[in-house]
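Got some structures for you, see below.
Presented sequentially are two complexes of subunit A, the first with subunit B as partner and the second with subunit C.
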Partner chain A sequence: MSGAEKIQAKVTEITPLNELVTRFRFERIDGGQLPTFSGGAHTVVEMQDGGITRLNPYSLMSDPFDQSSYTISVRRDDEGRGGSLFMHRQVKLGDEMTISYPVNLFSLDLRARKHLFLAGGIGITPFLAQIKQLELLHGHWELHYACRNHALASYADQLTDRHPNETHLYYDDQNQQIDLENLLSGQPLGTHVYVCGPKGMIDWVRNTAAAEGWPEDCVHYEEFLAPQPGKPFEVRLAASDKVVHVGENESLLEAIEREGVDAPYLCRGGACGQCETVVLDHDGNFVHRDHWLTDEEKASGKKIMPCVSRFEGKSLVLDR
Partner chain B sequence: MTIQFNDESFRDDYTFHNSDWAIKRFPFPFHEDSYMYSVNMEQHRGGPEGSVYEMRFDVDEHYVSEMKDRAMVLDQDPLRCQSLPHMTLAGWDLLELIMVSKSEDYPELFELHRNGNQWRWINKPLGIDHSFTFMDETTLPYGPMEYITRQAQGDFAVLDQRDEMLWMDAGMVTTQADWSLDFDIGMNFFEWHAPVPKAHEMGIFQRALKFLLNIQQGAPARRLNWTMTVNPLLDTSPENYHKWGIQKTTLTPENIAHKQHLRVELQTFFRLPRSNALVFPIRCYLCSFQDLMTVPKWGRRLHRVIRDLPEELATYKGFIDNRPMMLDYLSQFDDGLPTSPGIWPDLETEPPLSK
Partner chain C sequence: MSKFEFPKSIASRPVWGTLEVRPGEHHLMIAEAEGAEAILDIATPDLMAKTHLIYIPKGTDYVERLQALKPAQFYEGPSYEASLQRIRRVLEDAHMGLQVYLTGSESMMGQAMNEVMAVGLPHTAIQTEHRGSVARRMQCVHCKGITEDVEVDPFVCAHCGLNLFVRDHYSRRLAAYQGVRVDAEDHGNVPEPKGIYE
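Moving on to the complex of A and B:
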């Protein structure tokens, strides 16, 4: 079996927060306790969407030590392949769904003297759990949260109410922007910076921190990529001797799973490295989209991350 | 099943002994007639009834005496237990894991009563009945990791996970096969494995690290490792090498049967939920050659494995000088018959020694 351990859960609360974001609460079907987790962990939610099984990762935003329920917040992506639309439109109160045990690819560095959180939009969710964890442990933290406008700033009011001194908000429609260079240069020794948001924001923070001489291991980021639609293509799976057609709106990993071939995975977002697959032969071009393979590996044409990457060309043979 | 706890020593007069029950459930580490390194990992989700694999943390007849030996080691050398400041949360994780596991797996020996953060822990074999506040160190006599590992057999390495790497940032290490927590504390996975021969070239550690980094909550793993120990010593540490190293020279053809022990480590790996750290319990089992030879399959196989082991490995495991004497002894129990695959004794199906 691939992926983390599974939990049978039911949806016990659906709360629309604003035009784009809805919160879902899960409890165990058997009424038992859920595992505790560490702030920054995600769960993979299984969606039975017609004939398609979708497996999407969402950051857990609830109190990591609260074992009664888990909550996630899902931003609707009208351009995406349909996972978030399924959550928004199909999932009803009381629905039974399979979710995974928590997996953390964005954990706090507990050595840090101070945790500096930089969130963009829906990237706020892992920080909500981390903040709850640090409050319990009496950790030192500060949040800078940038959003399009106040109406779309999920949890901003709640954060400001509870943590007025730690929370700093920035709204695009008011031309407010994080003064990153000054913010970073003013941090005390032993600060770790964490960024979660759009790719442009992550690159901006990493590059600015690097330019200011921050050690790489003090800069943490999480960017889950949603698989993007693309041109259909064919792939031959050599080990299982199958030819699989990858449709426009499914990922290579999903197509492999659809054919009953068990392939390892964890994050399904190009970050964890679990689904790394050896390319035996190819005639065409890869569309590498992951954060896992090095540039050299991508150029070599010998490896692919089927959760987010695709292929355009005549033939592709994988060792699966 | 009720466990009768032995009153025995792992030093001085060495009254340590295995009952017939303990011999039959000894985790013999060789699944075939030869040995080479591998990342021989499997899931740790129970095993045959009565085997050392059955429970999450195996408790056996040596429990009470092993805990007394640990207390003696710590009394003489407090640095055998260390936890860097950021590892306290992982210590609470470990305390919870062990208390919950033991109270569920051995309800007649251990009880855990929880009311929110008010916990009551009852350890009957050690005579402990203690109420404390979970996550409040001031309510325990030691830090959480030290408190619980003074009540759990085996060593514990608690590894922080950062930057795609594991770090030896806390541990309780008093029953080790010649490595030192005090030396390794703060090192990363490759640094603390640097002394192991051959495995680096074989890429073993890259593969092992990748596997360990991906161990997830609710899905623990395990493997066996082994070495040789003269006299049933739990504490074969570098710190005390001057005391036990010399004992290797006391082996004679007359005393080898009861003095020479096969030392097996049941290594398990659990992801800790609150800290995202990894705990690596290393449980040591000792069995004398003469007790092992009561299982015909193990007699045949141990001779073949020791005979064919590459020289570097026999040197690294510290028995190269005694190997000829071991082989003289073990060869008496190898009649050349084939052996069944797997580690189990197979007493009913394997033929008795025919020579």
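Moving on to the complex of A and C:
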């Protein structure tokens, strides 16, 4: 079976935080302990939504050393493919769900002398776990958290209450913006910057840091891409000897799984590289959307990341 | 000619690069002896106006040519050890975006790299270029003493006096290659010393 090992869990707490964000707590059904994790890790939550199995990654925001439960915060996305709507509308207290072991693609670099966290909106969640981890290690950190307004700023009050000197808040409705150039250029040598938020924010931070001479290895970012809908297409899976129809609202990976083919995956968001698949033959154009393949690999037409990327054309044959 | 092509070796052996100018408002260059030539190769007025150059001549005569580049700050140190206080102070006060360039012997680059890594910059962000002496900084695996400027193999440990074989096994933490007793099995049977790369 592909993906990280699975855990059978029960929903033991559902806490609406504001108009858009709700927090869910999971505990093991067998009453045992959950594995510890490192700040920045996510879990993949399986949702049985009618005939569809949705597998969505959510950052773990609880204390990484607390083995009694995991918590995640889910922002409702009314325009999305339905995973967050399922969590908000269908999941009830006491429901049994399958979640994955923690996987971390956004871990702290503990060589750093200082950790600078930049969060946009719901991008705050991985930092909540990282802050708990660093507090235990007496680490040096600072958070800059930008939100639309105070009402939607999940955990902002709690953060300012517990860490008044480290927490800096910025509200769009008050025209406040992170003074990024000065913030980055003033950091002591040995600082690592971490950004989690919308794509525009991640690009802004990466570009500004590069222009100021920050080494690539000191700039960390996490962006989960949700698969985007697209035109339906057909794919031939050579190793499994199957032809699969990929619908408008499902990803290539989901279509492969629907046909019972066990394809590797971890993040399902174009970041980890686990689902990389060899293209044997194609006649048409790829719609590459991942962060994994290099530009040369994308142009070569020999690789595809089926979790987020699609295809438009006559025929596609994969080695799967 | 200050360049030397090291023969291919085991994965443990460091591979040094070639300096290139990178974007940034502040540049720290630490150069030793013929390392001055690597600085002269990349220097531009714009770059040097943003550069703090720490130079250890070790008996060479590049100082005037380096000063003529008009670095923002120039410091001439009599030895690496004597320059260390200054290097540490500069790193302590530096901000992110600082570009670090190291050039000279393997010993100096290895030790300076440790200082830069100690303040949290990843080793991948530090540029290096070997120039000049191919002598090595060696650690005796038996007494743990460091012998500097080793040019021949085998050599005598400056601390415990054992005859040591020069290995390519390198420690980034110690910035030193490993020296192992050459006559451990048959005491007194010591091969004639010759240059490390002969």
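Keep this in mind: the second predicted complex is superposed on the first by the 320 of 320 C-alpha atoms of A that agree within 3 Å, B and C clash if a C-alpha of one lies under 4 Å from a C-alpha of the other, contacts with A are read in each partner's own complex, and residues count from 1 in each chain.
Operating definition for what follows: a contact is a pair of C-beta atoms (placed from the backbone, for glycine too) under 8 Å apart; a residue touches a chain by one contact, two chains touch by 3 or more.
Values in this document were obtained by computation on a predicted structure and should not be read as measured data.
When the two complexes are overlaid on their common chain A, residue A:217 makes contact with subunit B and with subunit C alike.
After overlaying the two complexes on the shared chain, residue contacts for A:186 are found with subunit C alone; subunit B is out of touch. Judged by the touch definition given at the top, the superposed model places A:102 against subunit B, while subunit C stays out of reach.
Once the two complexes are laid over each other on the shared chain, residue contacts for A:111 go to subunit B and to subunit C alike.
By the touch criterion defined above, A:266 reaches subunit B but does not reach subunit C.
The contact surfaces that subunit B and subunit C form on subunit A in the two complexes overlap at residues 109, 111, 216-217. Within the complex formed with subunit A, the subunit C residues making contact are 22-25, 91, 94-99, 117, 119-122, 124-125. The residues of subunit B lying in touch with subunit A in their complex are 84-87, 89, 135, 160-163, 210, 214, 216-219, 273-276. If you check the complex, the residues on subunit A that touch subunit C are 109, 111-114, 184-192, 210-218. Per the touch definition, subunit A reaches subunit B in the complex via residues 4-5, 35-38, 40-41, 64-65, 101-104, 107, 109-111, 133, 136-137, 216-217, 266, 272-274.
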